[in-house]
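My questions will all concern the structure given below.
Labels run A, B, C, D, E and F following the written order; every chain starts at residue 1.
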Amino acid sequence: MFMHNKRLQYTVRVAEPNPVLASLMLEQFGGADGELAAAMRYFTQGLGETDAGRKDLLIDIATEELSHLEVIGSIVAMLNKGAKAQLAESAMEEAELYLSMTAGGNSHTQSLLYGGGPSLTNSSGVPWTAAYIDSRGDPTCDLRSNIAAESRAKIVYERLINVTDDPGIKDALGFLMTREIAHQKSFEKALYAIENNFPSGKLPGIAKYANVYVNTSQGDGDVEGPWNSGEQWDRIDDLTLTMPIDDGDGTASVGLDATDAEVAEALAARTASATSENPTTGVDLGAGPGAGRVTAQDMGAADDIQDAMKLADAM
Amino acid sequence: MFMHNKRLQYTVRVAEPNPVLASLMLEQFGGADGELAAAMRYFTQGLGETDAGRKDLLIDIATEELSHLEVIGSIVAMLNKGAKAQLAESAMEEAELYLSMTAGGNSHTQSLLYGGGPSLTNSSGVPWTAAYIDSRGDPTCDLRSNIAAESRAKIVYERLINVTDDPGIKDALGFLMTREIAHQKSFEKALYAIENNFPSGKLPGIAKYANVYVNTSQGDGDVEGPWNSGEQWDRIDDLTLTMPIDDGDGTASVGLDATDAEVAEALAARTASATSENPTTGVDLGAGPGAGRVTAQDMGAADDIQDAMKLADAM
Amino acid sequence: MFMHNKRLQYTVRVAEPNPVLASLMLEQFGGADGELAAAMRYFTQGLGETDAGRKDLLIDIATEELSHLEVIGSIVAMLNKGAKAQLAESAMEEAELYLSMTAGGNSHTQSLLYGGGPSLTNSSGVPWTAAYIDSRGDPTCDLRSNIAAESRAKIVYERLINVTDDPGIKDALGFLMTREIAHQKSFEKALYAIENNFPSGKLPGIAKYANVYVNTSQGDGDVEGPWNSGEQWDRIDDLTLTMPIDDGDGTASVGLDATDAEVAEALAARTASATSENPTTGVDLGAGPGAGRVTAQDMGAADDIQDAMKLADAM
Amino acid sequence: MFMHNKRLQYTVRVAEPNPVLASLMLEQFGGADGELAAAMRYFTQGLGETDAGRKDLLIDIATEELSHLEVIGSIVAMLNKGAKAQLAESAMEEAELYLSMTAGGNSHTQSLLYGGGPSLTNSSGVPWTAAYIDSRGDPTCDLRSNIAAESRAKIVYERLINVTDDPGIKDALGFLMTREIAHQKSFEKALYAIENNFPSGKLPGIAKYANVYVNTSQGDGDVEGPWNSGEQWDRIDDLTLTMPIDDGDGTASVGLDATDAEVAEALAARTASATSENPTTGVDLGAGPGAGRVTAQDMGAADDIQDAMKLADAM
Amino acid sequence: MFMHNKRLQYTVRVAEPNPVLASLMLEQFGGADGELAAAMRYFTQGLGETDAGRKDLLIDIATEELSHLEVIGSIVAMLNKGAKAQLAESAMEEAELYLSMTAGGNSHTQSLLYGGGPSLTNSSGVPWTAAYIDSRGDPTCDLRSNIAAESRAKIVYERLINVTDDPGIKDALGFLMTREIAHQKSFEKALYAIENNFPSGKLPGIAKYANVYVNTSQGDGDVEGPWNSGEQWDRIDDLTLTMPIDDGDGTASVGLDATDAEVAEALAARTASATSENPTTGVDLGAGPGAGRVTAQDMGAADDIQDAMKLADAM
Amino acid sequence: MFMHNKRLQYTVRVAEPNPVLASLMLEQFGGADGELAAAMRYFTQGLGETDAGRKDLLIDIATEELSHLEVIGSIVAMLNKGAKAQLAESAMEEAELYLSMTAGGNSHTQSLLYGGGPSLTNSSGVPWTAAYIDSRGDPTCDLRSNIAAESRAKIVYERLINVTDDPGIKDALGFLMTREIAHQKSFEKALYAIENNFPSGKLPGIAKYANVYVNTSQGDGDVEGPWNSGEQWDRIDDLTLTMPIDDGDGTASVGLDATDAEVAEALAARTASATSENPTTGVDLGAGPGAGRVTAQDMGAADDIQDAMKLADAM
């Protein structure tokens, strides 16, 4: 069960309102790597977890992320406090309000739709979606996802710190950023506390494909590194060896019973392509005689994009 | 630049059509951890990458994932081949078609809307969204995200292998699953080929918060482990110490100029809550005298859920 | 700041696993009227609220809804416990697993993608979206939205209670349903504690349009009621009076400067429609001579849908 | 059946084009509280309604909202008329077009993608989604949702009125805003014309939980009001009384048969956490010896965020 | 199987970085008519296609579109190269970074969230969704959809060409735009190579409704053209003839068995509307006595929107 | 302005309730090619259109599609009428309700969440999104999109007709299907009434790329047809000629000023990959000594997927 205390986990001191900056901060409130995503990622994992240690860890951090959601949301609320009141009370001239609302970021929608309250959107106004959450119910996957998520949240905080010079906001963001570092460390410990955590799941891989590196992108720029070369890798540079990599013929087929086969054939016959003739098409109908306009026929007249623009201008 | 050869990377042999199984397989075609997500994750990272080695690696694997998208999509196409023809040619009775289409999974939408072709949806019919992709333009974040994504893709393939006994499908899925293992290994090598890859970004954390573990979830079930205990952690069990964790008072405030402050006050006054009186509300209007129906006033009559259901039945 | 205790707000006793029922329960976990939606609705309002009483109320209930999210999520986890283990350990035959996974609801995706953990989706597998949340930063709007949301959550719980006979689940759902009733009562009190809460905002309406009822849907079935008739309404049955309702001509226009006007004219001329001739079109090209197939020309041959189906069968 | 007359319900006179203002107006065209949302909310309810009076009311207002969609869409079309022609005819220099298109709001996407036509997006360019619609098929819920929706639409119109000084637009918006007030009044009458409209549905609540107020958020700022205090409330301040609120032990459990129990145990054993040892992790591998860079080991060197930024600069 | 060569299909020369322009270019990277949409549209069709000619065509063009995705993505990466480095290395002052990031378009989210890498979003930051793809598994539908999609992609490229004066970008966009023209031509040929391609599918239409044009929108502005007039059309101007157009009574009904009918009647009775009385509502409770504020009662005081604003100001 | 008459455009006679069939019908109510998509596609185009003929046509058909939305929605409402009442009145036993609700399609969510009313979702329960609408503000694009959309709507109706044997539903669907045919004909006429409708927009293509066909997919299965061969095409089979197709070197570059170049170099140095050594990674830490489990080292032990499953079973 959750409880709440009205004091924040970290004190928020904002120097002055700034709705544009507020809209940037939303990235960590309702964005893909924001605090709601973090809290819900760990909370859903925790509910499904049966290992007592991991369950405890997941709910601990989920709960702390909710407190962080409160901190970053409070920063947004403070940055919007002036704009919210000005719009609600219509205390500025219309033209001033219009200017203040179109100064950048996503501040216009934040004011018009959300009335200056913190919204669960990212910095573009895209509503938060659970598609951001990648809990899969397997601890070695989920812990790796958590490690990655913490490292991403850290970098987004670092970027936000770099774009504001308000010392109070910088302080609070510095705290939030550091906590992501600490959480990543915890999740790393939990991952490696599972013996044999690689590969995920229970099923081993197939030996003949597990150490193969397929050099599918070739040409100038091919680089060797420990990820594709060395004794642990069987590297394939001749791609014809992988078409297919098994002993088959590289086609797809399915066994159809007689009825299905007959119907499939009927469908094929009905929609067959006549490849031998050159039919008149809508394009032929549509590319007119070109009086005053460049047609498909004489498109050859445009030698390059500058020429094309001149032709268009002349229309 | 991309090129294509008509042979698949792995031969697909499907024993017989099965549209319900096809709809399950979509999880790896158009689902969150499916092959499009994988290909696009690495491709977008590769385009923005400047390190030659990582760029090569990312485009190599992105390209291979496109070939996997083709393999899994071909399995779906084969599993749907009969249903597609039957529906297009209307070769079954209506009642039969209805039954075949409502046999489970998401096969009904796959037939009705997508006509039996592979659709970029997950196994519930949810359209693929780029919200699944977490590329952040920082290599240490992105490689961690890739490692996690490969481990997730591996487990979903394992689950699919476990629900079909078609040997040709099992073979192809086994190949695809194993390649995710190999890719995870490559991304791990690439991550640790970056010296000082932790924490992500450039900004160090704040010392006093970096080793703190906050035990926010308490009660029976608290467990100690290397993720929250031991010499590397400063563990906080007394939560009052973190309200707030800084030296402030745990409130949020913003400096408003005189105009803003005045307008904010006007807004507060206009929308103030009268806490001292007990107003009549819509609920009071709506909970009628209860003739023939249980009202809010006598809700006390329902002692528990069985009782409540009896009361409702009696209405 | 949030804290957590490992005991649930309500004890969960599930008689036996049932993944299909689990997928129905998700409606209140990650669905539109589910507990995450409730918690986030009130939490975002609370962060932006400055009235001390309402802020307290909103955070109180937001916090309780998080505890409800934990209760309903725990029900889902219990209902999936067997399926999760069977799939992870591959302890059933493939055919059995396939059958158990395609038994209905959204259980197939819950197992394949989420591994049996509670997912933030609705009962169809649609990921939760912040588009469900309608906080607008005006207390009289937001409280009305909360009242409506609580009444919706109540009815969805009632429906879930009606589809299960597991007494432990019924008990827990009965508790959760009742809390929505209590919360609605609180929000009603808070709304009417604001003097002059109608209409929302500050701007009054325009007198001549405020009491008009436009009877736009006419014909058999027109009904009079207090919502459209009586002394408080000016009812318009003659719709020509509202085309337009103002003194203008019912058109839309904009003042364009000379340059814009000229360019707009050029665009109109370039894309003008020739209404006088009857052009040959793609349809004319595409509806062939009909050997073996019903063409557009002789579509007249299909008198009704039965006839159409016979003609199609004959193709 | 629907019919249309080419005259608008309200005459639209726009003083001059302004694509940025157009993009703000989209909030009421394709936004969450816009006219499409309103029309579809009432239309879907009306189709499912069997009470003749409510059905008539719902379709009446749905139809009027479609006319409002036409009015607000015509405002958008007029505001974009110049930009649309300039871009289509390429009648400005590239640099001018670039400037005009990046002047604020969402006007860049409106021009590039939608060509200046009104798009069913909100003011951030987020496509309209039926997730905005909360029809639940129960009249007391749906009418409450409609009341709330009208109050929200009213406030968004008020905000739009406050940001433009174009008198023709102000007039039309004033009309549209006033109609939301009138509609709210109609829906209120319809709600209270249902006897016993609270609580929604048929099932009464459980007596012992119906009047409880749980004070989950505590500390400075606790306020008493009619929503949580007074004779109608049983207020719980001691939260231990609600862990759990029933007579159980606050845990979640499920009855597993012997097979399931065994498999669940196997899963637990396979993925158990070793809590006693302190494993080496990826973080330990990744936080290098710190030549030229601040490592995890010496993160203690950053005393606060200013110090951290200095250290980063020195790298 | 896919292969890749590190050389682009078209050389990319960008004169100088410009993150705002980069965000506009995203429309063709991750937007509705962008290259990913094109590639996936044809690829999914190709996988499900059985006609050898069309399958070859679809995979040919899908593969080329992936190469175009690489070209446009490389343009985005080049335009963002400076901003990416400046933010990552924090090499500008905070205030400068803030300004550079809020200069327009969607550049703020591109930097904060995606770190300057090309993101699969449109120019508003909306994540790509497979809802953009309209493959239906019928070749005459799908080819028409492809023709339309190519014509749309062409116009968006034309608009992008018109907003930049960077000659290298213009060149590359000119190439990409021209390829859409070529692709449209191919798809037109493929459509008309199917004999009897209209109407789509197999079922003919019903004769009596196939040539009817219903003039549902009437009044000033009715225009005759080949689309609604002439000998091939039966035009209905008297709309009463279409209410309904069949021989029925224009109502909807269903056959209910006795049990269902009885329950439906019970539901109707329980939720019936009392149309004869005028109930007190929440609005009546909420529109207070108006001290200092315009109430519903005296809303008549606002004669027009100017008057309304004056009244609001006086509050 | 819109008006409504209570009679449907086509009489709806449903033989008996069937919630599963209802959920299939939703594809044309709230699905991608459903009637709301059609109505909104034409309505948004009509609002932005200035050509009087096309504007009239677009609004005519948009209005008719709204009437079709009403017809298909009424079918859904009738099919759900029994289920709606049974659930609302709880008139069946719980077990019966559970069975009736999990019988297939998306009927479970339709009952639980939408209460049996028609919902704006597709047949999988995915909410309608304006991402389905591809209006671009250019008439030659938009008319092509409309032609394609009508052909798609036609085929989905054909599929629905094929899966029901209810004669009243078949009749109504046959009417709706035929109207799509008629609408396609109208849009074709309108497209070809624009002289020079190809290519879309104003800018001609570049001559040297306009007639090139790039044979990017090679190998067995290459087919020649009028879409890639013949005198109008310059066909490229040797793909090296297109890497790049221009005179450049196929790379991407941008002009950076000195400051940007320096910072970009610093970023590259800081995150450079060490390609020469083989680092220890998380995988090496995680693939344990394999007591009782198959590790990465000995993955070679799994020769194929059958072998892998045996090894997993033995764990």
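In this text, a residue touches a chain if its C-beta (ideal position, glycine included) is under 8 Å from a C-beta of that chain, and two chains touch if they have at least 3 such contacts.
Worth saying up front: this structure is predicted, and the values here are computed from it rather than measured.
Shared contacts of subunit C and subunit F, meaning chains that touch the two of them, come down to A, B, D, E.
Look at the contact of subunit D with subunit F and you find the same residues on each copy: over half of the numbers used there are shared. Once the centre of each chain is set as its mean CA position, subunit B and subunit F turn out to be 20 Å apart. Residue numbers of subunit D whose C-beta contacts span two or more other chains: 1-9, 32-33, 53, 56, 59-60, 63-64, 67, 74, 77, 81, 84, 88-90, 103-104, 106, 113, 115, 121, 124-127, 129, 131, 136, 138, 140, 147, 155-156, 161, 171, 174, 181, 184-185, 189-195, 198-199, 201-203, 205-206, 210, 216-217, 219, 221-226, 232, 239, 242-244, 250, 264, 267, 270, 273, 275, 277-283, 285, 293, 296, 299, 304-305, 308-309, 312, 315. Those residues of subunit D lying in contact with subunit B across their complex are 140, 191-192, 194-199, 202-208, 210, 219, 223-226, 230, 232, 243, 273, 275, 277-279, 282-283, 285-288, 290, 293-296, 299-305, 308-309, 311-312, 315.
Residues of subunit C touching subunit F in their complex: 20-21, 23-24, 27, 31-33, 90, 103-106, 122-126, 155-156, 159-160, 162-165, 216-222, 239, 242-244, 250, 264, 267-268, 270-275, 277-284, 296, 299, 304-306, 308-309.
Looking at the complex, you find that subunit D touches subunit E at residues 1-7, 50-51, 53-54, 87, 90, 93-95, 97-98, 101-104, 106, 108-109, 111-113, 115, 121, 124-127, 138-140, 147, 161, 167, 170-171, 173-174, 181, 184-185, 188-195, 202, 309, 312-313. Contact residues on subunit E toward subunit F in their complex (touch as defined above): 5-17, 32-33, 52-53, 55-57, 59-61, 63-64, 67, 74-75, 77-79, 81-82, 84-86, 88-89, 91, 129, 131-132, 134, 136, 138, 140-141, 144-145, 147-149, 151-152, 154-156, 158, 161, 171, 174-175, 177-182, 184-187, 189-190, 193, 198-203, 205-206, 209-217, 221-223, 225-228, 232, 239, 242-257, 259-260, 263-264, 266-267, 270.
Residues 1-9, 30, 36, 40, 43-45, 47-49, 56, 59-60, 63-64, 66-67, 69-70, 73-74, 76-77, 80, 84, 88-90, 113-121, 127-131, 133, 135-138, 201-203, 270, 279-282, 285, 293, 315 of subunit E touch subunit B in their complex.
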